[in-house]
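Shared chain: subunit A. Partners: subunit B in the first complex, subunit C in the second.
The block that comes next holds the complex of A and B.
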């Protein structure tokens, strides 16, 4: 049966630990396939009445190696319950399914009791959830990349993976600045040209960063632009001049696409703030923060509801910035939004990336805020630079997302809650997920404020064309 | 006979409960309902009355006292109304008063709105001679009626005791195999409902943490210990997860006459997100939560606020005196967001809640 999967073939003699490791290296789909196959084989073996194979200890079954929650369970059940040679009856099929899961616990005599027991046993493997959330996958921190990794990149990788630097803008800025260091410290090896070799050198740095945390759309766009510039470097240009030219391009990219863009956005967003307005914002967006502070400096009087939620509780930082500047603020957690949303005049949110179908990929919870605002016919304004626009189409928040780890800043609970009552780590049957992003459908967004103007979300796709494709 | 002593005895019981409600030492609809019932039993057993009006007035005043103590704990008032309803029924049977014409007609439905009096099984099968306002023996009325009244109260008590089991009875009819269910907070009703369904079905539950109380953690732990595959997510990812959720099951604090409900903060968010993804919203609640109250205007006055320090603690010292913090206790969920109410009295659409109220309570008792 296992000839296609060499590491798993010797079902009889394999040590469990070994089989676990080998299964880890397989993809989910492969493991799934293997399970099904084993089940089928088991069922067949049972039906034919051959107990020879079925009598081996259940712990030796390589089943469920990849599923954390089931690992312990199957061992326990296997050692506790002996193999029962169930006579062929209507429960045969069900029983054989359980035997594939880890230890037969069917009772002789069948009946409804056995039915329930078998269902309970099969439930413990948590198959559905694991399958449906498996693609979220946590990034492994092992950043042992190939090739020479520049210290600035190593440092940045650690900051990324520890969530010390978060936010699409901050991450892109940090990456570009680190790349400037990389380029300045770079020397072209003999018999090679800068435009060719620097590219491969940078690729190693990039994959190190991606290993630390998945790349943001902003980083992707900036890196693509940088690669374009590198490939366009004249071969005859002296190395030092070429490096300086590249650093100059990076500086102007930062200046044009981020710094200046933010100022323009803050100005145009300010046009939408009137005296006496009650604004609402979710979590913390650097652009929204700038826009609100600027409007306050311009002398507009308004108040702000800062909505916040776990896992990151970033809103507290925004709250500090706004209240220090003297803007009257009200702070609330996301579940309470239903009580205040009706009073709000405009909702301002930031974005992680924009997609060409008009969907906004942003901090988890943004979609809920804009949904509630839409329900109450309150305009939702997204503040977003054009370099955050991705040419892809995204349809829901489920297919592409990122999970936050369980510890560190992700255990941001108020002190007033007793820690022991909280579930902070995965146990049998219980898995904790911290998705970091969600997708706001374009129908819930009124307008997008970019540095090229205030546009409806449906026109996002045209920005590329308007700006000329090679710039992005 | 020292008349004041007995009155004081039950007055003290009432006062004890009043202060407990006021200090929020009793929270949770069912607990409040049970405590109310215990006090009412005391009141009925100790009360002196010589006709039904006096008894009703005594209970009314006791109920008023309790409701005023904690107006947001609707189950207190509901229990009082329910007891009154039972007492009236018992009295009618005992006094062999012909019940109002039971024949159905549209005009009656419109005028009275009470097509079906809830059939309270008559307890008084023995022929008691009810003498109201007997001048010779003013206590004779109370003496002969009290045993049946106590039994009637016991009925309400039993119903409350078994409410979770009765609701869970239909659990397997509502949940199919491999379903992904979203719930928020920790509602004992929902918890027992899901656990009951887990005996028959294999499904996954996603629990939102429900800040700032984060009671979803307790819920997730409890469900996973019962062998249900459970995922715990922050409130912020409700929308992201909702696209894969096939059903939303919520608990309620109070179900009100227009078919809407008050429920833990975050319910509105979950229900709205479910509507956006066309996932059905099912609410599990005991019948004692059905409240004869209308909330057509979603204003603050209908809500209750709790401690802001659980949202923004004093550890954020520099912020505390600069910002306002809002921490409402309940959300109002509109009837159009709810698809079904599962009660111990059967499953109902939100549109028929008003009818249940008409059947369960007497019109005279709605204003206590």
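The block that comes next holds the complex of A and C.
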């Protein structure tokens, strides 16, 4: 250590003696740096076997958008070991990168191969990665499933994590149907009541589903309603009757708030579609699809621009569905929207959830579409059932989001392209982030079509009065 | 007092494993009786661990707890002893239920018939496992189970099979000394959806082996197909319980892999045939399915068939009940899988096990106390406990069982020697499989032989490419002639004249 030191600051010369200073005399940042160095040393020693060079951590911490920054402001880089742990501002970060490279090249012994090995080792042991979106956590598949998890829930979890069932409506429907299975197979244990024990039983199943994929607002609202019903079950009711009653409420919830609501929405949205209209929609929403198909069946003639984006390319499926029905469609990717937006008469989008401040949480890319439409003074209509309304207020798309899976699970690339040339995995110097949702602010939305009426986005809070319920 | 009920009972476990320990006819004479005692195929060791242990170890982490182990009546005691012995303390979570099926020696009890017999014990979805499949370490049973779970929930498919790529084709020049190699099966499959579309059984009666027939309905449903004969069936099948009902209906299908599976693939794209079995496949009408949810899913393939009314007023919607057979393939590059169907595979797998063990070990294996220091044992051999190896014996690339005695100056190359064998001085063994308690006399030379348990090779005997069986003392020579007439390959019998 200290054999080659690209001269950075005068403090650099104190590097070799740093280890001999007591920890008390170092600043907090220097202590942190020492700790990082020791950690990287250990990793390098582990990775490169026993190369005997204990101080050869050639760690270049991933220089992503947000890096762990300490309060250190001085130019101490610790790059004698090629480390650039605490970059403070751009200038020093760049300098440290250069020094890191320089350090690597001029390192004696070991050679570049060992450097790369320890480099990769340290990178792979750094679980934090890029800071942005790091609070969403990593997806991990749960194991074989503990004995408590009902097989229907296990299968549903697999379908969720494999992205075979996607979309807010679809996931809520699938969850409710799986819960019907669970309730029908449930028996109350001794010395317990159905209303209390079933709640705990269901909570275990719910946490298994959440581990597979974070819960959607629709699932949350439906489960909350179900739990309300369960707690209200009469204690004297025989078990089979109680179970049938619960399944009945699940059925009526599906019927009222999803199926019938969709029909009403399709009808109301159809009023906004006139002959000769050019409509634009983004990705694939089950409600918008139903509305368009119904308007076509009523005999209106219109054409649709389907805007789509990777990685999911859901618009392709919508394109298939609409073209099969005979609607003239045009398909384009999101970056091309600027060329067609001027000709559009109305934009229809779906939603994952609506927030109390009127913001729409929807597939990533929707915000762009609505912003473009707003700029060109084109009305943006959101089709959304009332059970998607969430009590929370959301102001940006960073606090609550979900990262999509990496490994090419959507298989949207043609087979003729060799898989190695696609960026489907994290490699050195590249980390892939796929946020699945984004937030459209209320100022970009013209109207929200729900089953209780067509309302402006700012009056979402009044819906529960219209529905006559205590909670939505 | 509050007795807390066992939470495991609240939810019934999802799968039951059915392990079929067959007779092992193809592995004769290894599996022939040793005197009066049978040598079950399931207990033949691979690298000194019985075959069945590998399957049970594979089951252990997958979350399947109930195991129904089916074996012939004559093998019941040996297998029961093994299962309840200390060796099986390594499977604490498995509850093994041993059942037997009565067998005359040579009745054709196919796997299908066995399932029919025990259908009353199988009340949920089940996994069929053969006892002779060695799973590769990179393939977990959980993967196969998950694929079945997903397909069963999403599209109602009722069976998932597992196929593995055989590591290499048997050399054309490889000897036929022990009987024919397993013939290759051609299958047609779709890689994108992972479904098995057609299975061609070789040597079946009403087929021309040089042609493969593909129906147009199959091609229109799956325009991208793969036809291969490099994949072999592992006989690991995950089935929905309605498979049992289908089996009851088709009593003529004896074997699961050679009869039922091809039939199921065939009717999958023939809608009229499927209608006949519709009631069997959808008995649980009241249970809600995920079909509605899937229709709402944004990544769901929309139905591209325009709904038109048929002439008789019925609207065609779906392709009828779903009998899609899922398929999991395992590439050879990810790890070697094998089935112990015949003697060549048995030898081969043992050899591969030795290679892996040699890789895992750093240096030469620790020598047991009874092994003479002057014996030359190569690093890629495996010697069982309490085996005595005398000086100047040379052992290379071989697996030697427990309690054996290897005499002086013996040369053992590429052999598999089971327990309790005695090999006297100066013997030379090459590429042989010796059954338990075989005695090889001094200075005997055996090359590529298989011996039955308890066989005795006389001093100076010289056998090549032979299956050595103990002939019955009491019968006359006529019986022996009959036997050799039946079998097509050359058999050498030992007769002390």
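Heads up, the rule we're going with is that the second predicted complex is superposed on the first by the 319 of 472 C-alpha atoms of A that agree within 3 Å, B and C clash if a C-alpha of one lies under 4 Å from a C-alpha of the other, contacts with A are read in each partner's own complex, and residues count from 1 in each chain.
Criterion: a contact is a pair of C-beta atoms (placed from the backbone, for glycine too) under 8 Å apart; a residue touches a chain by one contact, two chains touch by 3 or more.
Because the structure is predicted, anything quoted here is derived from the model rather than measured.
Asks: Counting only touches as set out at the top, which of subunit B and subunit C does A:320 meet: first, second, both, neither?
Replies: Both subunit B and subunit C are touched by A:320.
Asks: Quick one: is A:148 in contact with subunit B, with subunit C, with both, or with neither? Answer first, second, both or neither.
Replies: second
Asks: Mind telling me which of the two, subunit B or subunit C, contacts the most residues of subunit A?
Replies: B
Asks: Just to be sure I read the superposition right, which of the two partners does A:416 touch: subunit B = first, subunit C = second, or both, or neither?
Replies: It touches subunit B, and subunit C stays clear.
Asks: Where does A:386 make contact in the superposed view: on subunit B (first), on subunit C (second), on both, or on neither?
Replies: neither
Asks: Have a look at where A:346 lands relative to subunit B and subunit C in the superposition and call it first, second, both or neither.
Replies: neither
Asks: Identify the partner contact of A:337: answer first if only subunit B is touched, second if only subunit C is, both if each is, neither if none is.
Replies: The answer is first: A:337 touches subunit B but not subunit C.
Asks: Which partner chains sit in contact with A:450 here, subunit B, subunit C, both or neither? Use first/second/both/neither.
Replies: In the superposition, A:450 contacts neither subunit B nor subunit C.
Asks: Looking at the overlay, what does A:162 touch: subunit B (first), subunit C (second), both, or neither?
Replies: second
Asks: Using the touch definition from the top, say if A:189 reaches subunit B (first), subunit C (second), both or neither.
Replies: The answer is second: A:189 touches subunit C but not subunit B.
Asks: Taking the stated contact definition, name every residue in subunit A that is touched by subunit B in one complex and by subunit C in the other, in rising order.
Replies: Common to the two interfaces on subunit A: residues 320, 324.
Asks: Considering only the defined contacts, which subunit A positions touch subunit B in the complex?
Replies: It is residues 69, 116, 119-120, 122-124, 126, 128-129, 132-133, 306, 309-311, 316, 319-320, 323-324, 328-340, 342, 363-365, 367-368, 371-372, 375, 396-398, 401, 413-417, 421-423, 427-435, 437-439 of subunit A that touch subunit B.
Asks: For a test of understanding, state which residues of subunit B touch subunit A in their complex under the given definition.
Replies: Touching subunit A from subunit B are residues 178, 180, 184, 198-204, 209-214, 217-218, 220-221, 223-225, 227-241, 243-244, 265-266, 268-269, 272-273, 276, 298, 300, 303, 307, 309-313, 315-316, 318-319, 322-328, 331-332.
Asks: Mind listing the subunit C positions that touch subunit A in their complex?
Replies: Listed in rising order, the residues of subunit C that touch subunit A are 2-3, 5, 7-8, 10-14, 61-63, 142, 146, 149-150, 152-154, 192, 287-290, 292-304, 306.
Asks: Going by the contact rule set out above, which residues of subunit A touch subunit C in the complex?
Replies: Contacts found on subunit A: 143-145, 147-152, 154-156, 158-159, 162-167, 169-171, 173-174, 177-178, 180-181, 185-187, 189-191, 201, 283-286, 312, 314, 317, 320-321, 324, 410-411.
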